[in-house]
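Worksheet: one structure, shown below.
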């Protein structure tokens, strides 16, 4: 576990069911933090996989991806702890999922 | 003062709201598009959905889909959807936008759809400056049908219908639609973008949004042409296909803005609401109040077998049609059944003009007068053409000093006179038709003068001409009566 | 009763606007051009859309757009242009979009000529476009019917969500006759399937695409059911003195009028002749023919085409009575005298010999 200051600016989530494994995101990602899975998904495609660290949240992978919802990019938001949550728990959950 | 900052993540790039959550209209795989991996269509779809989201126009948008790999736009976009025939999206979009100008109408087309079969529709929609947005996905090929050549296919490019590559000698050159449309005055925005790398994709995203935004602002015709990879037909990996767009396709189709008149373009005003329903009959000129009293001078006593068949013929400008119209209009006023049929088309172009008029007590079977009871021949060719068709016992009124002897018939009456000259003496040679009509009315003696009067006033607007025509009609009647006296003298 | 003299082509447009039509897309062609011209004048004044399209292909697809947007829309043309519209007509039938198309016929095939002919029967009545669909076809025979059937056409188009064709020949389009119009205009209504660019209509889709084979079969079943319903409810024909007719003359449009005059004269000569004039060509008045066949000995079809409606008459009668055929083409019209002679000839051949009757001369 890293502390808050060292967290990446961005986070990548890939919907493995929607990903068609075209690899465009892999090619497009500037810091090269996306790879392809060894495992095939339900439809037989290898799918994009986040390396787990280093995402800048630039969103390029999202725009090059031809599938509407295969990629979701999240960005860090800084909030005053007293003000409660600005982010829905579901999305936090998803981000954890995406980094798997 | 320092407070503890907590860090969390929030979505910055996620599925657009303009897309359906699930693609329920699809048969299967309802969370996936039908596009092949790495297809440019998918990227363009996302750009368009993003633009719709950002501009807040989801409820106003009507998407007109093509035939091609983009055919299923309606499966994905949660907007109003219409699917057009191959190439016809610009015409369909025109029909929608003209009637629903407050909606945002977006046509989505491939290069076969737009640049080949629909080339006329796109050209004219652009030239009319339709206030629509066109998303033109150019992948240099007919993808949906399996890779036949398109007008946009590159020179040398192999397709299933150019197996040896495209040759200029047989297939001509790649069609530059954006450049072509940019020669027109009306379009406000035309840009070509590519999907060849990250930078191009970012630019394409902006351009797609811009073309939609132009319409939201009411500026006019906007099109974005997107050079787009089709890995499947190119037989390349998605990454290779993307590179090909950038490294090869772009050489033939340079990127850039070919037209931008968005700064000068005046936002269009929505059309005013139409008139109230009650106004419509008056606007159309069919309201009863506006019409003359029917059967004003009804001829209750007119003979049951009354059946006047008139053929009027002459050259254009002699008032052939008007003569017939006055006769028919007077017949209507007199409560008779009437029909009036003009000759039309090339007959008119060749300079001749003729019409058929029938007045009868009984319903009229055919408006065609093949065997007239009265022929009004306003020149010699007309006489020659029709004299033999006149029914025995009928009349020929001929506009000429002397009746050509070879047109003579034993079994018909003839009144030959230079009616034009008579009219000239009255003030204008063009009233010759009314002199002839006067003679016809006197001969046939079936219509009350009041009906003729009423008809004349209805059809001839200028008081000066009404006065002249009245004199002409009277003179025509006289001419016939005078001719009777001459005959009387002779006999 | 106040009537006004008007061309059939002009009457169509006025009637259309009174019927709530607010969009006209067309391309000029003789002998239908006055329709486009009249629409250009009045459609904008009535708050509607007029546009001269770049082709009939574009015009019919503009109609497709207007109808998708829930607007009563119409176009007009003649044979060559109707040929080009067939694509769009098929799409509209498939997508269940209403529209009215006036076909003011001329001579064909190819460029033919501009004289009145009835050679468009097959392409209009049988559907010249692709796929299993029908268009409702109305055949006016007078300027008054041009107006009345235009109003009916819009009603039927909406009721069946299907293109309706007004099939008239050049004579009826070009001629002037007295006509009267209803004095109240119908308000344009927006159907529930329309795609209008609003939140309420956002989920609507207009398409003729049904990729799944069973889906398409079901869709066609639905279309067929509509056509069956139209065949039951919408058949229209005019009968003239058919109650005792031994010879039934049949023809549509301008021919129907000529046949009536011929029948009247034949009756004066002692022959029991009646006229059956189909007003709907699809649905075809089959039952009228069957019923008349109980008494009639022979049917005489007269067309300004090469035996197109003849086929439908034969199908309707299914061989129970002889069907004789008289035709003129190229723009010629079978004349009164010609038809009368033909009818007398058929009478001699088919009817039992009677006392020869004095043939009266036409009293003209």
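Chains: A, B and C, in written order; residue numbering restarts at 1 for each.
Rule of thumb we're sticking to: a contact is a pair of C-beta atoms (placed from the backbone, for glycine too) under 8 Å apart; a residue touches a chain by one contact, two chains touch by 3 or more.
Fair warning: this is a prediction, and the values are worked out from it, not measured in the lab.
Chain contacts here run in a simple line, from one end chain through to the other with no loop closing. Greatest Cα centroid separation from subunit A: this falls to C. Centres computed as Cα averages put subunit A at a distance of 53 Å from subunit B.
In whole angstrom, the spacing between the mean C-alpha positions of subunit B and subunit C is 21. One simple way to say how far apart two chains are is to compare their mean CA positions; for subunit A and subunit C this gives 63 Å. Annotation for subunit B: no residues touch two or more other chains. The touching residues of subunit B, when paired with subunit C in their complex, are 25, 27, 58-62, 64-65, 71, 74, 78-85, 88, 91-100, 102-105, 120-121, 123-124, 128, 271-275, 277-278, 280-281, 283-288, 291-295, 305, 307, 309, 325, 328-329, 332, 337-342, 344-346, 363-368, 370-371, 373, 391. Every residue of subunit B that touches subunit A in the complex is listed here, in rising order: 3-16, 19, 29, 31-33, 35-43, 45-47, 49, 76, 198, 201-202, 205, 231, 237-239, 242. Of all the residues in subunit A, the ones that touch subunit B in their complex are 4, 7, 10-11, 15, 17-18, 20-24, 27-28, 30, 43, 45, 57, 59-60, 62-69, 71-82, 85-87, 91-92, 95. For subunit C in complex with subunit B, the residues that touch the partner chain are 1-5, 14, 17-18, 22-23, 25, 30-31, 42, 45-49, 51, 53-55, 57-59, 61-69, 71, 73, 87-88, 91, 95, 114, 170-171, 174-178, 180-181, 183-185, 187, 195-199, 201-209, 211-212, 254, 257-258, 260-262, 333, 335-336, 363-364.
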